[in-house]
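Labels for the chains are A, B and C, by order of writing; each one numbers its residues from 1.
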Amino acid sequence: MKNPSGRTYAAEGNEKYTGWGNSMSFISYFINGISLGSVYAIIALGYTMVYGIAKMLNFAHGDVIMIGAYVVMASVSGAGLPPFAALLVSVVFCTVLGIVIESVAYRPLLNAASSLAVLITAIGVSYLLQNIALLIFGANTISFASIVPVPALALAGGALTVTGEAIVTIACCIVIMIGLTLFIRKSKAGQAMLAVSEDKGAAQLMGINVNGTIALTFAIGSALAAVAGVLLCSAYPTLTPYTGAMPGIKAFVAAVFGGIGSIPGALIGGILLGVIEIFGKAYISSQMADAIVFGVLIVILLVKPAGILGKNIQEKV
Amino acid sequence: MALLDVKNLGISFGGLRAVNEFSLEIEKGCLYGLIGPNGAGKTTVFNLLTGVYQPSDGVILLDGENLVGKKTIEINKAGVARTFQNIRLFKELSVLDNVKAGLHNHYPYSTLEGIFRLPRYFKVEKAMDERAMELLSVFDLDKEAATLAANLPYGKQRKLEITRALATRPKLLLLDEPAAGMNPNETKELMETIRFVRDEFDMTILLIEHDMKLVSGICEKLTVLNFGQVLACGNASDVLNDPEVIKAYLGE
Amino acid sequence: MKKINKTTRSNLITYGMVIAMFVIMQALVSAGRISSLLQGLLVPLCAYIILAVSLNLTVGILGELSLGHAGFMCVGAFTSAFFSKCMAEAIPAAGVRYVIALLIGAASAGICGILIGIPVLRLKGDYLAIVTLAFGEIIKNIVNILFIGRDENGFHFSTKDTLSLGLSMDGEVIVNGPQGITGTPKDSTFAIGMVLILITLFIVLNLIHSRSGRAIMAIRDNRIAAESIGINITKYKLMAFSVSAALAGVAGVIYAHNLATLTAQPKNFGYNMSIMILVFVVLGGIGNIRGSVIAAIVLTLLPELLRGLSDYRMLIYAVVLIAMMLFNWSPKAIAWREQYAAKFRRKKQKEV
């Protein structure tokens, strides 16, 4: 798996503003961290919702990000669509993809005796998506033109620049978080999701369409993945069939960090992980950034396996 | 001295007091019943006795040894074995291997002796096979020794679970609703089996049961649990005729 | 005691199969009937078989999913290659050096298995999978920034580059960061690999059919019940996991001593390698050791024989993986299979 971030934002900021002292570069790293963390948070939502409801780790989630980015690229440079329309195409495509994956590969195993079976199947799907992309688009790294129309913002008299991508990413994350929370609290479908995540059997008895609710969860998660894919590739403008895998796994770490199954947890975990990663890159070692992120995972699981906002569930005897 | 002496046991889950001031004394060789309506806290008592949960108050003495604070495996080594309400067998292992797993701590040889097939491996495995077959034939399961546990009929799965528990050489055997899901014939056979285990192995047995016929048929003493509290205890016939107990079971 | 005979016979078939494969391959090689490409695959094949068998110990027997098996292989490969390169002159006897390298590779991978296993084996399956994956990536990361050199003053370490090692004039760089280790003696042969496969099978099969193996499988089938009959969960889980890791280390030793230059790429020690081994295990049958051996052989040699497929190889792996899981584990597929089997039996009875 390749680290998608061929060049890092923070490092760039560092080169530009070395003359302005450490505090400016610190703030710049911090903003970059929040921006990257927002992407992780959006991806982590997909993991956390699916885990909460279907009790499975959707390993292919990261690869849906990559597919989403390829679709945008193909519709912008291939079909000549305007960026926003391309994003819509990508969201629709990924939503359908998510529903297809769920119904073909995961639903037959919903009641399987072994939880290992679903996990291995999900790995198979991840592998399949990567290799389909490999056959269609090839293994070469494609440069991805940012589709964010917002210009960079100069602060503190030019001492600090916040890129348009960072602004849009953070804004997207906030909008999605608020929207999703409202959806789950207020809408009937959202309430059905909560019910299914508590107790599938009881929800079914109450007349809730369990399979439909699970499919809806996958659809939402995959649509978010498409958005995340575009944001990620706009900020780190390279694309390969393996682009999604590593951010996907890191977002899962973020979901675990925040407490799996919890939506605010995904936000907190994502942002913290993004900040840790950027600071790790800037102040410790750029090659070891991934190792630091995974080190964080191991430490969390040792200290607080349920995550920051998670519930501890004990197996019933 | 009683074999099992439980005093003032208590545990809370969140704000709920699941078991409160629970006391119990079981003499050696006694067949003791723990009964009560659904949700009274019977299985919680079993989980406390076997270290699955740690009690917030109270003591559990087995032959004078305090079990509170010990882990499940230590409690098993101290001499408490159990079965489960929803059968928990090693489904992908043979019937024989299920029992041999129960013999695990009493027939030791090291992993290296196992891997390199040293003489002790053959000696101990042979002794294990013999002992396991002996136990299985007691329960009329010896013909199914090579069958996978998952493929046994329901009644025999219950029996196998009891056999496996006995293989750990307990002083006290806990049976959690052994007759659940059985038809009257199977229940009757099970009653005989339980009585037989007590006589043959000189075993002390504590069982949770809903089936009143089974309880009144074989238990010598009873404790009734309601809302986590002891409602009555004593000789089976006295307890079953206690108006309070009848009220708790049938409602008013 | 018919049952014991049955497992012994089954084990003997497995050993016999491996030996037969060796004889056939050797015959083909000496008859010149095998392309040089395929011949070059024979030693890696041995490593893959050992990896598949050892991963099956974790997945099939212990019932936990490890996605960092390539990481353990990486540890074994680099520690042993480091040793062999340092000792190439001090220990001229290749056999002795190789045996020590094997022990070092297995021990270091096994120790990593214990270190990772202690915190992680308390967790549920999904987390274990992710943490082992994380471990594999960390190992790869570390190896890629590691520089070790040696001169008359001893060993020098750095995480930056070869210059900062500060070696003297006749110093020698042993581990060169992303360029890895060059010049490990090429001591691995097909015959040695085959012997190591047999040893691996001996260890794994005998472990499974012993008291400890029974305890491990009991934990897999029902942890709570295993605890209730006094089986030490942590001890046996850790045992299975570290044995599995150590054997992956052995595979790493074979692999490293077959290469002119050993580097840690995503291709050989990354996630993709771990997945490939998982495909072997799933295709051969989870928990079926002999199946892992067969699957590793078929899936390694077949794509090389059918060249045209090479582009689609990974794609086919993915589809096979999904299809196998659905067919074997979906409740509907299981019901369908049973129904079909019953029908078949009835038909047969009628015919008789």
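The working rule: contacts are C-beta pairs under 8 Å (C-beta built on N, C-alpha and C of every residue); 3 or more make two chains touch, one makes a residue touch a chain.
Everything numeric in this text was worked out from a predicted model, so none of it was measured.
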Closest chain to the overall C-alpha centroid, by per-chain C-alpha centroid: which is it? C
More Cb-Cb contact pairs, comparing A-C against B-C, go to A-C
Measuring centre to centre, with centres taken as mean CA positions, what chain is farthest from chain C? B
What whole-number Å value describes the gap between the mean CA coordinates of chain A and chain B? 48
What whole-number Å value describes the gap between the mean CA coordinates of chain A and chain C? 31
Whole-Å distance, chain B centre to chain C centre, using C-alpha means? 42
Touching two or more other chains - residue numbers and ranges from chain A: 317
Scan chain B for residues touching two or more other chains and write them down. 52, 84
Can you list every residue of chain C that touches 2 or more other chains, as numbers and ranges? 224
For chain A, which residues count as touching chain C in their complex? 1-2, 56-57, 105, 108-109, 111-117, 119-121, 123-125, 127-128, 130-132, 134-135, 242, 245, 249, 252-253, 256, 285, 287-288, 290-291, 294-295, 297-298, 301-302, 305, 315, 317
As the complex stands, chain C meets chain A at residues 59, 63, 65, 67, 119-120, 122-123, 125-127, 129-131, 133-135, 137-138, 141-142, 144-145, 159, 224, 266, 270-272, 275, 278, 282, 286, 311-312, 314-315, 317-319, 321-322, 325-326, 328-333
Going by the contact rule set out above, which residues of chain B touch chain C in the complex? 50, 52, 72-73, 76-77, 81-82, 84, 88-94, 96-97, 100-102, 104-105, 107-109, 111, 114-117, 121, 124-125, 128-129, 145-146, 164-165, 167-168
Can you list the residues on chain C that touch chain B in the complex? 1-4, 202-203, 206-207, 210-215, 217-218, 220-222, 224-233, 239, 287
